[in-house]
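Sharing a structure below in structure tokens format, with a few things to ask.
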């Protein structure tokens, strides 16, 4: 257990300024009526008390669109100019427990199997994740169901708001190096002060409506076919309008598309990758057909991937971290919790 | 298999273009220095692209033993393929990256090596099989009898027709069976669908089957195979799905827990039963 | 890759003076797909054209760009050159570097840069051109003329003379139109009937002309070369074949008090009647509103006296459907309603009449048998005053803004006729401007003023009051600028004219455009005055605008010539730059049809196979013969399903990209 | 383009119609009149062929000024083409001005084939105006925040926060209506009059009812209707291949709130719903409530200003007998007027701060009843805009402007687009700006109210349209 420090809440702007000296700093900023992770600047409206940002740290590791390489065309000759992978180092401040876990999910997808995604790797190596325990989880949160401890979010550095102080503790070497760098502003503190706060957070997290979900036994691969063929999907998907809000608001959704943008003779063609959603009708559209023809298949793919396929590929790690953003944002109130519950029933019937 | 760098392609040159059938052309690709862009195994694919038009996955129809170039037989279907058919001429550049996906287990003793092989192809799907067939011909002694059963809509739609009759049919211990769907007076051979012709010939079950074709053909042929006593473990096929990254990240070819671009496109038929019916 | 040929023209020194061709060529050579880039002093000359043709053949060019003068000048020329050399004529684009560059910019450096930009835009567009082929449609060798006045009769005669079948549709029971109501015609004072009836007889007896009177156009479908028109022949209740026109029936008919429309209500007619003596066809019509047999069923005298037994009370309307290659509208004119012009007391006094009513009064077959008498007390008037521009050139909004063109001449005619027949009657004419242009018109008017003593007063009449025995006018003489109070016996108003009421509904049936005054709009006011913008519809007579008889006959002949030109074609080539819909993307939402000026868009079910998913969809369809390629539908189509060949979304976007 | 060394040379794109203004430009050439070479002319068959997307693209690709020329109204070679251009660009220029983009950069001029002098004069004037205005960067930055967005100090736009959700409003109970809905639904299903019922059913949480189809009477007890039933049901009955082709056989009973019924009527007008396969029951509405973290967060702004109490379409009506709380008409455009009242730079700052939050998730497009194209231009290659989500590429900046334009005159102001936005961007204020202008210039028009009524952007009124000054966007 590395050392714990604290800093008065009203001195936080100095902490931000010092952090932002030699790296970019992103933290929850309320602008235009919405809370988003955005680049810090001296008169930005930082808000650490907002429970959830509308966007997620995923934006900073997997930008909404990103040029892979540019191609110059001269007549029929082609020249490819790759982009170097290095990006400016940056820190993300105020990541909650669910988003930290989401970054672990993305790490699995992009880094754990060969070939490693170089763009993603460059950003992860350059990032310092400063988590913040959420002081008051709300109804739509169910990180507890996935065994996450909202009171001790993890990441490179963990911080807690306790009274009028911010407690800070490095977890990894990168985190300790950052705490060291900031030590000028910090004063020593006793980790014990937080026990009351942590207990309180855990207590609230456990009593949320969706805190207890039948996930403990997990979904094993034998259930896959039974769940896939369950006729529940027929009724689940009927309200879905295929808009992709759930996938773009989700911290773990990582599918992307690769497209070309023709910038004309002077700029040449830039091939870029951009977010894509399995809920879009053209996600698996091929010239001669589409293996997911109706919204039912697409809807099923999203939830089966998060609750079944991802865990099968990555030792039981669920593709969902219980942040509740899709519950809050779905235009027609479709809900992953309802699907988890009914899939659990399918599992019982299959095994009974 | 050397893993390609992060999606960045190399530039290739189309040395020449052969019009195989009214809607299929074979594009011969080499790298800028004129030799083979990269090594690959039979059944693997590569991503070809024309900047500003699009990028798509195509199976490599030449064998690894051919070290001079790579062939891609491409049917005119979508925007990219139409552009390639209409606008590309020999000498034009194209970007290429790969190889992607697994390969037919040609060197695996309890799969294809040393076994009699029965190739079943339908229409354009003969292209990936051609890679394996050439590989088998170039290492003829490592394999037993070879039977090739190939069908297409019409005579004009038979891909590599001359090559099949001139070289394949003449190869040692090799029988070739060709069929077309509808009668055509310029055609003396068999007329009928591949599954029916297969039943008519009645192959012995001491063979490993390598099968590739449109989904409906696969369904019927598989039924006949099982009916005649073949076991699923003896049958290999490839899945054709939309692929974008080719390195198991972009989520497009994800069926069940498998990524077709990494765990496939070659699957043994019994493995297919573990994959949800979405391909 | 495309193989594009680029040619810069010097146009002698017109372009070369302020645009450097070499700079343009260098600016263009680098572009992908350009395989030929040359210049020549006169591209449009035979030598220049041969140079292009050779280049096309030698290099198998797939596209041609000529940087020269405006496409409105030589686009057609270069398209012909391309076609002759085997390249589809629509794979040609013109960069306008003369009118839009060399002639308006002095600085050669700036001019050359702009020329390069326009050249790049043209090249970007030609790369996305697709070969287009005009549609070939058959032509029905039959014409329809709507309106049986002199315009319709003349047009029908000319077309029939060329050997084509013509149907002439007239709403009233007889052809003849307004001219039949006239007594004399200016400037020659010919008797109107004498010059009209021979043409009516020719038309009625011409084997190629089929006359349908007492009939209206019900519905028009189809397009140029292939119109399908439904005509409603209203029931005459008299059999056309049996009736000999002997007149027993209308003499016997007991109903006497129905105002005769032909005489503007100044005289009455029977329930069964012919509008005027020389009516053609000479077959009466039963006016069912006033015929006792139809009102109460107790009469039938006409039937009893009719020897040939032509009367048939049970006749019903007949709908005739017929195919035509072309349609001529000749619906003529009518005078405007004068209710809003209270100052002239037209509705209060019987002695304040319109010029048309004056014409009927002086007509031999008119209500007074040709005797010029006051309608109130039958006395011979000692003084008659004409007031010009009643309702014409009106700025008060009560009348018509335009000049009705024919009033000055027919008032001059009336004045001369009065003075000739009754020299002792004083004739005053109040006018704003005397408009008597053309051959022998002004001389006629001056003869009236100088030899016959007609008093022309440049001034306006403010008020007319009917004093019972005479009328009192308060007016102002604008030349002497003096107030005038005049006594006169009769006031004649030269009333403004407007298209007949049938013009507006007919125009919408033909989807032909009309202007805000309901006159038919011409395709081009100067260069195509007898054609409507809607292909296959032609205009003749006052329906297109106020005009007198010589102009009407001239225009009728012109319209007939256009129709003959159209009908003599074996096949009709349509403009290929038309809209085209992508059925897979079309929503069937009907946003496009309201904006199509030509009614070229219809909707229908179609089987769509979208990547293996088959459905029956409601999809838009463009009738290529009707579509003129304006592009209105393309822009209101949100999904981009509708596109315009020759000016597609992608082509215009490519031009924008090339310019910016 | 700003060349560092030389003075600013504006790039101006002119769209000229082939029959009048292009001929006018030719005549200016033949008469040797001069105007600056910055003006580059693109020929189009008619001014009605100029798609606002071309104008926006020209700006995005670096043009500093765009001028559209056409024949004088009444002279159009295609007789009615320029009538549509007139209305279209009056509204478009107003929207661009509303977004804070300098109005003088865009212009519409009627130039006949004979008016060579006018053509030259207009081009000289326009080039001079643009030279004074300086280079145009604004439209490309609409959705990108500048690095520390310092220039946003001008923060007056802060007062126009997104539509305030008034927490104090009490919502009348609609339990009575729910009860009758259940009775009717059960009866119609049982009698076989309809084959299925489309309404809302209990979600996993009391605040999350979801649109649902009920196939047999037994399921009707799950039917629910309360203040959380905001989703608009009209689009589900559309034959939507992109939703996987939900083709319905037999007939469907659908319950429509007043705002939903306007959208549904618009879909009927656009032939996307088969009326004889649908049985409609209009239900009263007391206003719906925003939910955050499964808790009430105040009545939606669209319900606070809602004036829709009647149902333009409906076989039966189950209405709220007592008067549901409705504001008069004028409150509806309060927010639009608040934005219009700002200075242009502040308007731009406001929209830049709002639109830069957009994550292009397409929720606004997929929920909008009139955004019903089979393949949207943003996910097909029809208009070269199929780059999905490439935020820094030009096409994506256009998304909100083009969407507002495509639904102009068809949007029934149901407010769904802002309700579903995960980033709470008040996009409906763009559509409402169009509605405000249409009402002011072309007469009160409520989309979906009357199927026969011609739509503002596909009709014209010769006695009225001429009285609006296009380039000033006001009634003269």
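As written, the chains take the letters A, B, C and D, and residue 1 is the first residue of each chain.
What we mean here is this: a residue touches a chain if its C-beta (ideal position, glycine included) is under 8 Å from a C-beta of that chain, and two chains touch if they have at least 3 such contacts.
Because the structure is a prediction, the values reported are computed rather than measured.
In this view the innermost chain, defined by its CA centroid being closest to the centroid of all protein CA atoms, is D. The interface with the greater number of C-beta contacts, when A-B is set against A-C, is A-B.
Computed from the mean C-alpha positions, the centre of chain C lies at a distance of 40 Å from the centre of chain D.
Note on chain placement: the centre of chain A and the centre of chain C lie 70 Å apart, centres being C-alpha means. Taking the mean of the C-alpha atoms as each chain's centre, chain A and chain D sit 32 Å apart. Annotation for chain C: residues 1, 613, 657 touch two or more other chains. Among all residues of chain A, those that touch two or more other chains are 73, 76, 257, 262, 264, 276, 285-288, 293, 297.
Shown for chain D are the residues in touch with two or more other chains, namely 61, 245, 384. For chain A in complex with chain C, the touching residues are 73-76, 264-265, 285-290, 293. Chain C makes touch with chain D in their complex at residues 70-72, 96, 98-101, 103-107, 110-111, 113-114, 117-118, 121, 513, 515-516, 521, 524, 533, 577, 582, 584-591, 594-595, 597, 603, 610, 613, 615, 617-618, 628-632, 634-636, 638-641, 643-644, 647, 649-650, 652-653, 655-657, 659-660. Within the complex, the chain A residues that touch chain D are 31-34, 36, 38-39, 41, 43, 51, 54-55, 64-65, 138-141, 209, 235, 238-239, 241-245, 247-249, 257, 259, 261-262, 264, 270, 272, 274-277, 280-282, 293-298, 324-325, 327-329, 331-335, 337-338, 341. Against chain A, in their complex, chain D makes its touches with residues 61, 145, 147-150, 153, 161-162, 203-205, 208-213, 228, 231, 235-236, 242-246, 291-295, 353-354, 357, 359-363, 365-367, 379, 384, 386-393, 396, 416, 419-420, 422-425.
Per the touch definition, chain B reaches chain A in the complex via residues 3-11, 49, 51-55, 77-79, 81, 89, 91-95, 240-242, 244-245, 247-252, 254-257, 262, 276-279.
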